[in-house]
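One structure is given below, encoded as C-alpha cells.
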Amino acid sequence: MNQQELVEKIKLELGGKIIEINAPAERRIFLTVAAENLVDTMKILRDLFGFYHLSTISGVDTLSSFEILYHLANNVSCLTVKVSINRQNPEIPTICDVIPGAILYEREIQDLLGIVVKNIPDPRVLVLPDDWVKGNYPLRKDWNYQAPEEKIPGEKK
Amino acid sequence: MAVIKALIYLLVYPGILFLFVYSTFCEWFDRKLYARLQNRIGPAYTGRSGILQPVADFLKLMFKEDIVPENADRTIFSSLPVIGLAIVLTAGLYLPLWNINVSVPSFNSFQGDIIVVLYLLSLPTLVLFLAGWHSTNFFSTLGGVRVLTMLFGYEVPLFLAVLSPAIVADSWRLAEIADFYQKFPFLLLFQIIGFFVAVVALQAKLERTPFDIPHAETEIVGGTFTEYSGKKLAFFRLMTDVEMVVGSGLIATVFLAGFSGGVFLGLLKFILKTLFVIAILSLIKAACSRIRIDQMVIFSWKYLAPLAVLQLLISIIVKGVIQ
Amino acid sequence: MKLKPAAFIPELLRHLFKRPATIEYPFEKLKVPDDFRGTPVLKSELCIVCRACVRDCPAFAIEIETLSEEEKKYKMTIHNDRCIHCAQCVESCPTKALFMNDEFEIATDSRLKLKAEYTYTRPKKSGQQSQTG
Amino acid sequence: MKKITIPIGPQHPALKEPISLRITIEGEVVKHADVRLGYNHRGIEKLAESRTYIQNIYLVERICGICSHSHTTCYVQGVEKLCGLEVPKRGLYIRMLVCELERIHSHLLWLGVAAHEAGFDSLFMYTWRDREVVMDLLEIISGNRVHYAINTIGGVRRNLNEIQKEKILEGIKFLKKRTEYYTNLGTTEPTFVARIAGVGILPKEKAIALCAVGPTLRASGVSSDIRKDDPYAAYDEIPFDLCTADTCDVLGRVVVRVKELIESYKIVEYIIKNLPQGEIKVKAPRKIQPAEVVSRYEAPRGENIHYIKSNGTDKPERLKVRAPTLANYPATIEMLKNCFVADIPLIFAAIDPCICCAERFVELIDAKKGNSTVLSMAEIRKKYYSTETKRNVVWPL
C-alpha cells in the first residue's frame, strides 16, 4: 500500500468525519477531524490501517483555538490527526481506551496547555511541581515568563 | 612482665595498632589490585602510590558530620560500630601470630580457639543486621534483612570448610593445626575444595561482589550503612577491613599452613599468605556481577554446601588412611 | 547459549601487566585535536562590526558596545561564562575575525574573570587598534 | 504481608538523573510502580518559540548530552523540509556518519551502565574505556566530545579529510574486536546472565499497546526502526539489517543493542568507503513561510519526533519535541510490576533512560515566591514517614 492508496482508503473509510486531509510530503499525512469524532477515528485508524503507534500528542495554541495533533505511525506513513478545539472551553476525549500508551502525553498537554481530557484514567499532575499555581499553563501563548535578571556574584554595577 | 607482654599483645602486636595499620594496607592492596585489573590507576595521590589513601579516608570520615536519625534508638545505633570493631579486633588476637613454641600454649591459644574465631566472625553480621534494623530507614531495613538472609546461606559452608582441615589435624587449636600442616604439607592438597569454598564464603561474609547484596548501592542506596555517617561509618569500614584481614588470616592458618618461624619470619609469612587470599578475593570481585539474594541462597545450598560436605567426607577418609 | 564461569578472569589478569588506560589528570594532560572548539577569541583588527555574531549567538554571550560613533570605537565583550562553545559566531563571521583556540581548562572561581573584553577601532583604511583582554 | 512504598529517586545511586519512581513493595517483590517527572525541566519548548531557527539548533542540541546529534538532526531535517532545501549528498553522509558514531558511543555507554547496575564494575570500566575511542573520533570530526554541533540548516558544518577517514576506520576496527569480545563475555558470564535473563518481561502486545520505542520495542520482537520505516538522510541507500530479539527481557535488550553496534560499525565503514564528493551545505533562508512538518529520527534510544510549525518569521511558532525515553515510561512501569527490588535499576536502565531528554517543558522558578521553607530533618520525617510504617518490613523468604 503506498501513500496515495492509503489516503484514498482513509477517505473512503472515514467518509464524513474528515474535515480536511492532505499529504504534503512523502510518508506524511495530515488529517483534520472534529473533537467528537476523535475516538472513533482513532479506532478505525488503529483497526483498519494498523496505526498502533502513537508517537506523541502536540498542542499548539493559535490564540483563536487550540490545535491538538496526534502523531500516529505505521510502517507506511506517519499520520497526524488534527483536532481543533475551542479556546474558552478546551475539552477533548481521552484516547487511552484505544491506545493505552497515550496516557503520559495526555497528562502532559493537560498540565502544560490546560486542556481538559475527559475520562482520563489518571488525571494527576505529571510534569508541573506540586505547588504550581493553578491556572498557569506555560505553553499557552498568552503565558509569558520573565526570566529574573541575571546577577553575577561579586559584580559591581 | 606478663602484664606488659599482654598489653603489647593487645595494643601493639598483633592487637589494635598492628591490625589497624595492616588492615588499611590490605584495603589499599585490594583497591589497587582491583583498579589494575580494571585497567585503572587506583589510589594514586596520598603517600607513595596512594598507600595512605585508606588512612586518609578513615581520618576524613572521623572529622565528618555525624548524624543519628531522629527515630533511631540512639544508644544502640551509636554503639553498634564500636561493638562490631571490638568483636573483629578480638577475633584478630586469636590468630596464631606469636606462637613460637606450639607445645607451650600462650594465654590466647587453647583447644577450641578455631571455634571462637569462627563465632566471633559471625557476630559482625549480626551487628550489621542490627545496624540496618535500627536505622529506621526502608533501605537500611531491607539491607539488614538481606544481611541475615545471606548469613544462612554462607555460614554453614564456611564452618564445614574451615573445620575439615581441623579434623585431619585432629586438633581444635589453630596453632596446632598450622603446625600439623607444616609437618605434612602434602595433606593440604586434599583440602583444595575446602579452600575455595572457604574463600567464596568469606567473600560473602565480607559482602563483596558478587555477594554485595546487603549494600548494593544501585538497588538499596547504602543498604545497612545508608544512615551511617562520620565516625560511625569510619568504624564500620574499619570493621570490614579488619574482618577481611582476620578472615583471610584464618584461611591462611588452616589451609596454608600458618605462620611459623618466630616473630619476624612469621609476620612475613602472615603478610604474604593473607595477601594471597586477598588477591583471590579481589579477583573474584572483579570477575563477577552482583547476584540477587534468592540466587545467592540457591547458590550456597546447591553448590557451596554440598562441596563443603564433600570436603568433609574427603577429610574423614584421609584421616582414616593416615591412622 | 553456553555459560562459562570465570570467563572474564584471563582478560583481567592480562590487564594486570598493562599500562593503565587512565592518566593522572592534573599532572598529565591529553592532547586535543587540531580544530578543537575551545574558547572564542577575537582578532579585533579584522572585525567590521557587522554584528552577525551577536545576532546568531544562541547563548547571547557576545555583546558589542559602541564607545564612540565618530571615532568608530567599539568594545566587544565575550561572556565566556555564558558561552556554550558551539562556534556559531566563528561560522557567522564574514571576515573570520573570530576563532576558537584550544583552551579547555577555563574554570575559575568567579564568573567575572571569564569576561573577555576587546576595545578596538573599526578599520577603515588604516586603523589603530588597542586591545585589552 | 504489608505493603510499603519506597522512593527510588529523585536522588538515588542507580539514577544518574533526577526522576522519582515510587515503588510499592511486598517483601522483596515490587507490586506497583509509579513515575513522577518534573525534576529537570528547562522550558526548552517555550524557549524555542523566542529564538531564531539558527539559535534553536544549539538549544535542541542541549536537550540531551548523549544523543545531542539526534535532536539537532531531527530538528534540522524538519526545518530543511519547511523551507524546501536539498541537502548535498556529502553533507547527508557526514551527518549519518556522526549519527552512527553517536549510536556506537551511546550503546557502549549503555552497556557499561547496565553492567554497573548489575554490579559488574569491571565490564563497566572496560566498555567505558573502549568508548573513549569513539569519543575521540567524534572529537576529531566535530571538535568536541559531547555537543558535536556539526549540523546546520542546509547541511553540515565541517568536512572530512583523508586522515580523519583513516582514523575512523582504524578505530572502528578496534571497536569491532572489542564488541565481539563483550558479546561473548556478556552472554557467557553466569552471574551476569543470571541477573539479566528473564528480568523485566515486556510481551509483544504490551510493547505495541504502550507505544514503546527503540531497542525496548525491538527486544520484544517488533521490527520497527525509523531508519527502515521512514528513511531520513540517505538511509535508503545504505545496506544494514534491522536487529530484533524475541526474549522480551533485559537480555534481549542487551542483545539488540550489541547487534546494533555491529550493524553501526558496518554502516560507518560503508559511509567512509562510499563518501560522495561535492559540497557539504547549502545556504539557508532566515525566514520561513507558514507550514508545518513532522520530523522523525531513530535515536540510539528509539524514535525521536519533532513537530515544527513556522509562521513566516525567523522564529518557529511551535517546536514540539518528544524524546524516546518519555515514550518508554509506560512500558517501564509495566515491566517493573512483580519484579524483585534488586531488578529495579536494571529494568529501568534497560530502556536507557535519559531523563533530561524526556523532560524539557517548563522552567520551574516561581518568580513571585522568593522565600523557601526550611524544614528540619525531624519535620520531614514526620511529614513523610508515618510512624506506623516505621518497622514493618516483612521477611522475604
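As written, the chains take the letters A, B, C and D, and residue 1 is the first residue of each chain.
Assume a contact is a pair of C-beta atoms (placed from the backbone, for glycine too) under 8 Å apart; a residue touches a chain by one contact, two chains touch by 3 or more.
Only a predicted model underlies this, so the values are computations on that prediction, with no experimental measurement involved.
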item	value
Most central chain, judged by mean C-alpha position against the global CA mean	D
Of all other chains, the one whose Cα centre sits farthest from chain C	B
B-D compared against A-C, more contacting pairs	B-D
Distance between the centres, which are taken as Cα means, of chain D and chain B, whole angstrom	43
Chain A and chain C, separation of their C-alpha mean positions in angstrom	41
Centre-to-centre distance between chain D and chain A (centres being mean Cα positions), rounded to whole Å	23
Geometric centre distance via CA averages, chain B-chain A, whole Å	61
Interface hub residues of chain B, defined as touching at least two other chains	37-40, 286-288
Set of chain A residues in contact with two or more other chains	none
Shared-contact residues (touching 2 or more other chains) in chain C	8, 12, 21
Pairwise chain contacts under the document criterion	A-C, A-D, B-C, B-D, C-D
Chain B partner contacts - residues on chain D that touch it in the complex	4, 6, 12-14, 28, 115-123, 125-126, 129, 189, 191-192, 194-195, 340-345, 377-378, 381, 385, 387, 390-391, 393, 395-397
List of chain A residues in touch with chain C within their complex	152-155
Contacting residues of chain C [partner chain A, same complex]	81, 110-112
Residue ranges of chain C in contact with chain D within the complex	1-5, 7-8, 11-12, 21, 32-33, 35-37, 55-59, 84-88, 91, 100
Of all residues in chain B, those that touch chain D in their complex	37-40, 67, 69-71, 133, 136, 138-139, 141-142, 145-146, 149, 209-210, 212-213, 216-221, 286-295, 297
